[in-house]
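In what comes next, chain A is part of two complexes: it sits with chain B in the first one and with chain C in the second one.
So, the complex of A and B:
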């Protein structure tokens, strides 16, 4: 049977203030051709100046992806003539990639697998080209933005592994503040290599470029496996070529033949002196690495947060930072995680907002969770307070006072309400006497309705059962 | 062999993005081979014991801090053709 083997190359723009080799601003979405200078445009006589943040983030990436760090590095020139790089070479790393032999762990269907990373290297981005009718428009704001390229070994067996690898990589780079990994804005881009073979020897590889989303990665893998299988079965030899993914037709399309390997005539970049990375430097960078998604998942599990909640928490880094700060302040982690994912996250997602743009503050969340924890409010009231805060800002206690939302925990008050409810629902009481337990639920609901959700559920439940038993035993 | 093949010349011309005619090809077959021969001479030098030299200076760890400077240069002024704020060139991606 034909077995697919897949390798993935990911380019990520690094979160720096300035570009890799010039002091122009590293930014997205500005007026075209404004965030540039002579270096980005490759004017004759200009010299690159190396950004220290590029090295710091390169080392950081190597660390979070478990790579061996190359201690003595330099840059190389990759030579080619193309309008996206007017100086006719890209400054990249060919000989001394900053990291080698890393991995990312993926888990699916009970299988744990390390996707091995061949190497990671630092380079500069090219300008953005927009192709229209018979002309091409160039925007040099992107030219020179620092990139990290992460290359796996050909070890990925299917589209599932590819998607998990990319999702995990994305989370790691986001949480460690290396890149904002926005695929839709092009700050994370994926290329694939796919080959099919019946034996352990790899088949002819086909490269697929321009894949604009993680779901398109899965689609393009499935499409390419089908296309290549058909050719091989018909006895046609696969040719080594570059194709691109086309979203409109959901197919891969052959691109022009590009330079390969030797044609790039790599040689060391003479304008940037060697960099020696010592242990002290690495130690400093290590200190800047926060807890990463896998460790967070473990931590949350130990705290008793359920898997579904963990999964949605991890999707939002801001909420994770908040949750961890609140856990430090001794709030109940499970209640807090539930509130953040159920009420806050859904509000944020619907409105494409970040936590710091909401009316709700960290102190609000702490107050609500503490009151829930002490049974001063029910979860229904918590929801009501949150929706009030999201709309109008404010103080939790003020809202409780103003709206009369305080939980009723006084037994006498509750007993009065319970007796009223029981007297008005004789049928449910009869059902209970006849052994129908679910009428407790119905009566509880009536008490909650009567008190607008303010009755302390635990005390009410106990009192209700006690009262019903009393009536049953005394045949009242 | 004292000259490159026609295919080799065409390949180099393609990398350099220049058009060559039959006369050019005849000329470059010989000239490029002469350059190659010189490079072969360099390749014969034994450098096993040498450290790779990437720069004439011995400087190490030269970098700048990550601060941006906005120069606000008007590059469109130097572009043969512009379109809004973009530089416009002949379409170069052909499928």
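So, the complex of A and C:
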């Protein structure tokens, strides 16, 4: 049986204010060639500066990926000629990557596995080339934006592991505020190495570059396995080459055959002195790491939030931050999580909005959850209030008053309504007498219908049972 | 025509304060002297219009420092905003920078007046100034001979009295050697003393900008305003001191080392004798002078060929015709072809030779065999000097093994130009300060340079000794 072995290289743009080795701003989508200076253009006489935020985020990445941190680091020059690299060398780390030997845990089909990370290193991004007909346009806004490259060992066995690894990596980098990890904006880019072999010895490696989405990673793995298997079975030797994923045809396309060993003439960057990373520095960075997805999942589970809700919560970092803040303020976590994922999240997703762009405030959410918790409102009313808030802003209590959504909790009022309902549903009462408990639910529903959901569910329930028992015992 | 430029800086300053003269008088004198010395070919670009404009502006300003209104000329590998900066290369023959080097900013802040850009070896690669795209610079003492290099224009411009100051750069001896060949004072400061931001890089870990002057005191004056930490150069150091402060102090009790390596038979006899006379002079003045060995110093030249050229091959990669500078006129069918012709046509032979060697020593397995090994031995040279400075204040010896040679003597010998720098290269390898001062002339009427090497950041001490010797041997003006 041919067994695939996969390694993944991920480049992520780091969330810093300025570029890695120049004071220009780190931006996306600005007017081309505006966020640049002489350093970004590789002008004669310029020298690199060093953005401390690059080092901070490098250390942070090493920490969240469980890497050993290299205590004495320097940068290297990777020399090659290409128009997208203004100095014709890239400042990167070849000799002393900031982190080594890390891992990310993945779980699927009952399997738990650590995807081992070989190394992570810091480097500068190239400029963006746009190829048009017979010429190439260069946008240097991207030149020098700080990157972290994360390289796994060749340990990934299938597309499921690859996807989970990337999803987890993405969540971790997002939650720890290291990168925006927006694949569509190019702030996270994936390259794959894949080889097939019947034995433990690795087969010939094929590289797939610049894959545009996580689902395309899975597709390209499956496609390559099929392509390479067919070739091997036909007795054709796989050649070492670089391919790219083509979304239109859902195939990989040959870019270039590997020439005998690229010679990048690496050597230590003489313009940036060595950097010592001491324990104090690492300790400071540790303090800035918030709870990461895995820890959050554990926490939510303990609080009694169900798995489906947890899954949709984790997908939105803003809502997690909000939920955790509200939990700090002692709101009911389960009710709160339900409201956030059901009502708020679907609204946000439909409109591609962030929480802070909504009309609903954190205070609103707190009010609603508290009132739900105290049974002052029903969940149906809660929904109504939320949709009112989303449309028109406001104060929860005001909406309740204005719309007459206040709960009916007066026993006499409720008893009147209950008796009306019972009298109009003799069949259900008979069912109850014959031991059919579900008729309680039916009758409750009728009460709610009658009161437009304003009946206090708890009191109504108690009164209803009491009245039914009464009729049963007295055979009325 | 007046001759105010022959006065000392202090005297000129007094006349400026007293309004006896105006900065414009000095500038006009400069341009007259440039005209008189045209055949020496010291300048690549003159900035007459701006210099005159600046001089006129200064007439209404208070003379607030010793260098106010003083003309200066700049080696053409130091970036000057809106003033063509060619590195004496065809590939930058049309390059007009958009910014000022940090040293240029400092010079402008002190209201010195930049006269123009000085001739040099192409990209500072050479020791005779014969590799310049703009032609040879003639030796100030003998027009048949080379000026030395790579800062040939910087040395000759001061030596001919065209300007009292110039800036050069020194990667393996490019300030000290032409200073010796033309009888002026040239200092290569401690690595990190002066910001390299805006110095077009040759070998980043060795390059330093430094001052040329007519005498020791004035050299220290110029260094005073050039040095200091620059956030744009991570290798620069935070230093702030008055380098003139020890000048005139007694030198007795100083301990000085003379490396045997610097006094071997490769040295011209006459030069050696002159150095020995200085040693005697010092001993007579209660200075302890001893001959010493410096471990590994004999490897400095091959190390230079590896480290400097490796760094150069990378530093010069950016000249590709894409963003600035010369681009080939040839019809090309690919970007690689454009690179190839641009660089083939744009660079001179010596520069290409050095980039080839540099690429070779970094290539594949060679990086370990040559480059990384060289870094290790470099550290050992540095350690040897450090050990020496635990016992001695300063090191002295000849700046060069010989007098300035005649034209075309070494141009076809790829290794000769490196041997010219036999005594200057170790200083760059160890990141130390080194200077050359004139101590006499040979029978051929050519100047002889004494090299003084100090511990890191010990320039003030070097100026103290240099100034003493200068006075004893009858230096020009003080």
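Structural remarks
Criterion: the second predicted complex is superposed on the first by the 440 of 476 C-alpha atoms of A that agree within 3 Å, B and C clash if a C-alpha of one lies under 4 Å from a C-alpha of the other, contacts with A are read in each partner's own complex, and residues count from 1 in each chain.
Following the convention adopted for this analysis, contacts are C-beta pairs under 8 Å (C-beta built on N, C-alpha and C of every residue); 3 or more make two chains touch, one makes a residue touch a chain.
In this text the structure is predicted, and so the values were computed from the model without any measurement.
Using the contact criterion defined above for the overlaid structures, shared-chain residue A:31 touches chain B, although it does not reach chain C.
In the superposition on chain A, A:270 makes contact with both chain B and chain C. Using the contact criterion defined above for the overlaid structures, shared-chain residue A:46 touches chain C, although it does not reach chain B.
Residue contacts after overlaying the shared chain place A:134 against chain B, while chain C stays out of touching range. More chain A residues lie in contact with B than with the other chain of the pair chain B and chain C.
In the overlay built on the shared chain, the residue A:89 is in contact with chain C alone; chain B does not reach it. With both structures placed on the common chain, the touch criterion links A:353 to neither chain B nor chain C.
Of the two partner chains placed around the shared chain by superposition, chain B and chain C are both touched by A:81. Counting contacts as defined above, chain A residues 38, 41, 49-50, 81-83, 136, 138, 263, 268, 270-273 meet chain B in one complex and chain C in the other. Looking at the complex, you find that chain A touches chain C at residues 38, 41-50, 77, 79, 81-83, 86-89, 136, 138, 261, 263, 265-268, 270-273. For chain C in complex with chain A, the touching residues are 78-79, 85, 87, 92, 95, 97-99, 101, 196-201, 203-205, 231-235, 310-311, 313-314, 317-320, 322-324, 335-336, 339, 359, 362-364, 367, 371, 375. By the touch criterion given at the top, residues 15-17, 52, 54-57, 59-73, 75-76, 83-95 of chain B touch chain A in their complex. In the complex of the two chains, the chain A residues touching chain B come out as 16-19, 23-26, 31-38, 41, 49-53, 55, 74, 80-83, 129-140, 253-256, 259, 263, 268-276.
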